[in-house]
Structure formats: structure tokens, C-alpha cells
């Protein structure tokens, strides 16, 4: 099973990278970009054979390492191996 | 043996081998090489690995001195620095990859040169980098500067080696071919240096570090081919650097080196497993059997060809004493690195590669190395140009305005924006940080230090390759002397266009002649180096750029000179002759938009005499403020001293001088700032030995007072010098 | 005073910190490898700068979950003093010993240079040899030093006097121009409620020797010696 | 319009971050994690009022700034403002 994990900053948490990207885009001539938020996207190739257990372990990984839950939210999606 | 049939002259040509080279390969083997063997021939005989166009000339360079422990030919040069220690250093180019992917190209350049140094047993103590970018107006320049600087920092900062110096200049000739030259200096116990010559039949060949992937296959041939308009699209796989793994590899190798398990060790750089295994075998006159199935692989389905040519980073090849495999394995496992026994040394004199039970390549080692092609390419000397002096130029700006324009020009402005992105203090031994003539790094736990710098003035080399070659060495020597260091040895990184063009080859031959002459005259041997040809796009070559990296020794860190004028009432003294040479000067280029004229001639005897005089006065403690005069001449040198120390100067300008006096780039000159008492003594001492010494000003206040030409406040000067690069990068 | 310095595989200021501690305390600290699960009996645990595990994912994140950090957290809860410098600060926030996070610098670039700090609290084991409000020069070298905490957390830090150092200019002025990385309220170092845990981005160990361009970091190590022996 | 951009390393390109995360997960006791790849996830708040033009400008932004197309692939998805 594959777990696709999105980690994003919680609303209200400052995002220096997103802000800098927005600036750079404006400098490149893209007008009116309102906001940019940068997060992480992690693909995990897991040994679990059913979706529920894969989802549970991916969630556990997020809680324990992948996300800093003080400032970050995460979202896990399970897909069959391609 | 596989694929016997499909290797043709055409396929060989696609691999960069000429018809003659291919014929020689067939002759050596007594048959047509298979595809894997063709790949091996192509990288081993590439310009990058074989030095086929440069060998003849490199042999003419002086490489010996009583303090040289190991000259060119090994992974890096080794010199004796006393107290049982050796300094190990080298500079290398990573030009083409950095143009294609600036961050990773520059990062892996740093990674590669670090491995060259720690593979010999040294702990790296400093990095430097010489950078050449295209015109600031060129559409790509900003992106390249930003990526290269971030990449150098990203790698060096993470591995924890301070990046303490370098150069960064701009010229339109680099628009399509930037130069990224990285240098590493390391320190090792003198009696525990590691070499790459394999020995001991039956000894195991070990692979350690990262796994092998399909990275940068054909990097070595890429480094040996010119660009054309399509190269942007071709975008060959570039390597990605992993500085964290390199840090682990460094610590693990040093740990293993503290035992006596290693017979030979060689990093896998350009042409990866091929060149590392071949070089180890050929240096030791050994044969080698490799079982490619044992190579740690990152991807599935890799072929022998790919495994042999991959340029995956952070890997090493080691020959161990038989029976020490387990000790070594324990160390690499502790550092969580891959470790595999992939072969044995043999007495066959052949390199035999096996995969899945088949022999996939079988090549004779010595013939392949010995009959590597060597060319004496036709070369044409550059025409001699006339000198240009003050009287020959139209005055376009006042002294004051010209000085401000120069201080704010891309080549002369402060490179703080760059070095602040480099951790230049980690290891807590950086005594003189970037921004001076040479960086000074203390030898850990002692009161001694090494000074180091990189130098080259490409516009001089372009105008007159011989004088330019001399000047690069002389300036390097001078920058070390200005700190009080005794210059010991140099590494060079020779960046040129295509050697297949006579005028480029002429530049190369001329520059080598000049470098050799200066290095002999200054007792400043060349102990390592690298050649990078084919730096050209659509037939237009870069300005010839032989970067010179120098290392010197400081006996007492409390007896060094610094650039900054930091006290009031000091006498400012100029040592050396001023004729006012403006040919090929920055003044001419920036103010009069002309790149004409002969560069300033280099008088090596004077260079040596004045440099040694300066060093003796720094060593005696009489001189604590010193700066050499180079780009931009006297005016710029004084302005830099004022900015570095924060105290102004009132110049005493001799009567009747013109812009040649202010901005001429005459060589062999230093500026000292000393107290009044020592001033008289120094002037009379220098005159006694025939060194011209002129008092040109007095320190004090917060302006640089140019006499009749007006004054500049320190804050204006600083705003101009510090403003250009950040302004450019943030635009 | 007995000290331990934690060594992660990518630590690169471990030696620098060891030298500075030894210089003040006269005795070399014990170097403790990240795979250990217990610490020797010490008065101070120092977590050095560097790139503990390459600083991949988030600075300090993987180090905070390494075996030795369990022991560090336990000992810290028992009252052993803890100093985290640079990456060490990032590790202490990731492990929950200190509040807040260290995000990417405001302008996204790594920055290495001397900065000025104002000593905001001198009644701690780490700063008793400085004067309250003293301005000191100490270098920074980081990519992720942009301290952030939510407004309640910030208020709490201010109210409890737990901001140890703030970035300022040479005259002690704390403003946006003297803020090198975008840190909230120019915060350069914070204390835990017991004031026995300090995390700071600047590197006092790098300016503890006049040959290196300054000595203002020395007093921090002397303070520790003074408080803990 | 909002553009959701996924930036991932091309297949075959070394992912030092992913490798380190996989190691760390194993050390934390998660068994059998085969591979981890780390990418970026960027949310752009764009002024465009139709999907096609938002997609086009997001693609342009990827090419010119957000992705390093020498070693990275990108994927753009357009969603209505939430």
C-alpha cells in the first residue's frame, strides 16, 4: 500500500516560504497572487496489506515524526500500489 | 561476453572517441569492445580523466620543494607544515553541471573536492570557491548566482566545514559557461597519509557510502564536450548531493583510517566506479576482479554499463588488508552506510567484471592506461598588446566618482551577500574571515595557522596568457604574504575553451608557461590541480581562467596582519613601484568601457623581494595592518582598508599624478598602516634594500579624503560597496 | 561542574562546544553518542549545533526522536540544566522541552554573521555573568532560526520573563532592522519555566576566544560554571 | 481559483530527505517501510476566474519558479475557492 501524506501549516501560522514565493512570483510579473502556502508531500511505500492498517500506521508516523502537530496539520490518503 | 556485434565506430563517436582512439581500443583488446567496455574506454580516455590535451604541458610545471610530500597525481597534494602535520589540498571544477543545475551542480562540486581531500586521510578544515558568472545583464545570471551560492553553502554548511574564501566576478564571456571551482584544505598526521595504489594479491576491494543509482551517467564526457544551443534541452541526469551522508562517510573513513586496515583508498568521482577501480589497479600494477552483483544499488535492473559509469555521489572504494573486512564493516554499519565486498585484487593485470555469472568486461589495465591518447595540439600565441598609461586615456570621471563607481562595480563590490550564506566559522578556528586578502584558519589546538586564497585575473590572461599566468600565481603569493603567512604551495584549476582551437590552445600553453615561471621564481610549487576544457558555447570561449589556490603557513596567530585600518594617526605607506599601468584594468573596463591594452607586467624578483620584506615585518610584530594592491589599484586598495577597519584616511597625493596613479594595477605592491615611529624605520629599511616606499596618507576621521579630488564619507563608501550585490540579487 | 555534550551523526559544533565548556570548567565534558539510552551523572547537558540528521524533514525533528533524547528529557525533568545551541535549540523545541518552533529564515537564506544580542534575563544559570540589558556580540549561523509561537505562548514568555536574549543593534535597539531572521519579537533565546533549560540560536562557543574576533560568548560558559558547581 | 501544486522528484533522482525519513521511521520501530519520497505541496490563491487560465498560469509558475524541471516533475490541480 502507498500512503500519500500532505502536511500543511495550520491556519494562522506564519509561512515564510509561502510568503517569499508569493513575492518572487510577483517579481516575475504574475499579478494578483493572493496567497501562497507551502507544505510537504510525502509518499510512503508501506508493507501493510489492507487500507485500514496502512492508514493507521501512516497516521501514527505523522503524529510521531512527520508532522510537528504544534504548527502543522496532516492528511493521509491510501492508494493501492501502482 | 555480451553485445559484441553492435559496437561500431559511430557508437564510439557518440561516446566521444575519435576513429583513431577507437582503433587503438580494438588493438589493445585484440577484438571489438562490447558496450560496457566501450563505456569504460570512453570515460577513461575522455579529456576529463585522461588529460590528453594537457598532459604534455602539465609536465613542465614545477612540483617539488623540500616541504612537498606528494605532488600531482594523487587525489590531492600534500605538504609538510611542521609539528608532524601535513596540509592536503586541491581545487576542482564543476562548471558544466553547475550551469545545468546550479544548486546541485555546485553542491556536488563541493562534495567531490571534500572527498578528494579526506580520501587521503585529512580532516577538511576549510573550503574556498572561485566563481565566474556571465554579465549581470544576462537573463540567466541571477538565477545561476543564487543557485550556485545556495548549493555551495547547502553542502559545506551541513557537513560542517567552514567556507572561508574565494572569488566572484562577472564577464560576458561566461554567459553560457559559468565557472564553479571548489577548493578544500585538510590536515592529516604526516605519517598517516593514504594513497590510491592498490597492493596485495587477494586483498578485498570494498565499496562504501551511498548506493549506486543512474545519476549523471556520462558526466565525465559531458565535462569534456562543448555546449550548443540544444544542451539546455538535453538536460542530462544531474547528481543530487547528500551532505549528511558525506558527513557520515567522512567520519567513518577517518575512523577506519585510525586503524591499519586500509591498503589503498580512492573516492568515486567523475566516471565513478570505472575510474576509481582502474586508477587503483593501474597505480599499483595490479589486476582486479569485480563482482558487480555485489554493488549496492538504488534502482532495479541496472546494467553493468550503468553501474560502471554512474556518478552517484558519496561513495568510496577501499582496498583492505585481507581479514579486516569485519572490523571495517562494523565501522560503516555504525555510521549507517552501505558496505560491500565487491572484488579482489589479482595478479592478472586485467580488470575483469562479472555480473550474473557472466564476464561482462575484460580489459588489460596497464595498456589501457599507458596507451591513453596524448595530443600535442596545434597552438597559436596571442598577439602582444601595447601598454596603456594614464596619459593615454580620456578622463571620463573625477577621481572621486571613478572610485565610487569602481567600489560599486560587480567585480569589486563586497561579496558579503555570498559569504554570509556560508558558515565560515564552524570548527571555531577561523581567525581571518572572508573579506580579507587571504583567510586564516588556525590549526586546531595550536597557535599556528594556515592562510589560504584563490586568485586569477582572467582579463589579464586573455590579454597576455604568459603574463596573466604569472600574475595569477604572483597575486596568490602576495595575498598570502599580506597576512604574514609563508606561501608554501598551490593547486590550480585551469579553465579554458576548446583545446581543438589553436588560439585557445595557445592561451593554455602561454598560461602554463607563466604559471610555471612564477611558481619557480617564488618557490611556490604546484602540488595538485585540474583541467577543465571546452568551456565554450557556439564557438565562443570563456576568458582563459587558470584559478590558483594557495596555502601558506603562519607561525603565530597573534602575529598576523589584517586589512582594516582601525586606529587614528597611522602612517599609510605604499611599498613598490607605481608606473600607472591601465591596460586590461578594471578602471578602463568600468569607467571607459574598454578592455584594451597589455596587462601590468609581473616582475617576479621584485614580487619576491617585497613580499618577503613585508612578511618579515609582520612576523616581527611591527606591521599589523597590510593589504596588497590588485584590481582597481591604489585607490581601491585604500578604500577597502578604510571600510574594513572603519577609520578614514587623508591621502597625500604626489603632485602631477593622473588616474594611472590612482587606479593603475601595477603588481608587487602592498599598503601598510603603521604608527609614526615604525613608519620612518620601515621607509628607511626598505629604501636600504632598494624597495620603493612612499608615504601616501594618514589615518583618522570618518572620511576618505582624496586631496584636491574631494572626499568620500565612510557611510557613502560603504553604501556603494555593500549595495551592489544584494541590490542586484533582490531586483 | 560535570557536563555532557550530545553527539548526533550530523552534529558539527560538538567539538566547538566541548572546547568552550572545557575552557571555562577546566574539565572536558563527556561526549554522548545519540544511540545511547542513558546519560552519565552530570550538572549540564549541552545539545550542540549542526545538522543532526541532515536537518531533513524539519530541523531537529529526527534528532528529537533519537534514543538519547528520552534520557535528556527525563534528566531535564529532574532538574538537570540543559543548553541547546542552534540545532540544539531546534531539537529542544521539537522534543517539547521548549515552546515554539524555529522556521525558515524570513528571506529563506542561510545566514552566518555576528549579531548583537541584548541580555534580557541575567538571573539564570546561563547568564549570571552578564549584566541585565548588556549588549553582546555573538555569531549566528543557521537556515531555520525564525522563532515563532502563537500569541498566547508569546504573552506567557513575556510575562514570565523567559525570553533570554533578543537580537538588537550595537546600541541595544531591538527593531526589525536588527532582526536577522524574522524571529517573533526578535527572540534569540528562550527559557523553560524552571529557567534551567535554555535554547538559543546564536553560537556563544564561536566567540569565546579573542583570536576569533571576540570573547563575549565566554561569560555564558563562565555563568554555567558559576551556577552549577 | 486555487491551484494545488505537487512537486516531486523525477523517478531515479536521489532523494536524500526521503532516505533519511525512511531510516528515522525504521529507528522509531516502523518495520518494512520500503521507500519514502518527499516532495512539496504548494497552494496558490490565484486571481484568475476560469479554470483554464488558472491552470495555465500555475503551469507557467511551475516552469519558471516553483519546480526545478531538471530534477523535478510537477502536477497542477485547480479547485474552486473554498
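Things worth noting here:
Letters are used for the chains, namely A, B, C and D, taken in the order the chains are written, and counting of residues starts over at 1 for each.
Definition applied: contacts are C-beta pairs under 8 Å (C-beta built on N, C-alpha and C of every residue); 3 or more make two chains touch, one makes a residue touch a chain.
Keep in mind that this is a model prediction, so the values were computed, not measured.
Set against one another, B-C and C-D show the most C-beta pairs in contact at B-C.
Chain A and chain D have Cα centroids separated by 9 Å. As a whole-number value, the distance joining the C-alpha centres of chain B and chain C reads 36 Å.
Separating the centre of chain A from that of chain B, both taken as means of CA atoms, is a distance of 41 Å. The distance from the centre of chain C to the centre of chain D, with each centre set as the mean of the Cα atoms, comes to 33 Å.
The multi-chain contact residues of chain B, meaning those touching 2 or more other chains, are 242, 244-245, 336.
Shared interface positions of chain A, defined as residues touching 2 or more other chains, are 40, 64-66. For chain C, residues touching at least two other chains, in rising order: 53-54, 56-57, 62, 65. Chains touching one another, given as pairs, are A-C, A-D, B-C, B-D, C-D. For chain A in complex with chain D, the touching residues are 6-8, 18, 21, 24-25, 28, 30-47, 57, 60-61, 64-66.
Every residue of chain B that touches chain C in the complex is listed here, in rising order: 150, 153-154, 157-160, 242-245, 247-248, 251, 335-336, 419-431, 433, 442, 557-558.
Within the complex formed with chain C, the residues of chain A that make contact are 12-14, 16-17, 20, 40, 64-66, 68, 70-71. Chain D meets chain C in the complex at residues 16-17, 20-21, 24, 27-28, 38.
Within the complex, the chain C residues that touch chain A are 57-58, 61-62, 65, 94, 101, 103-108, 146, 148, 150, 182.
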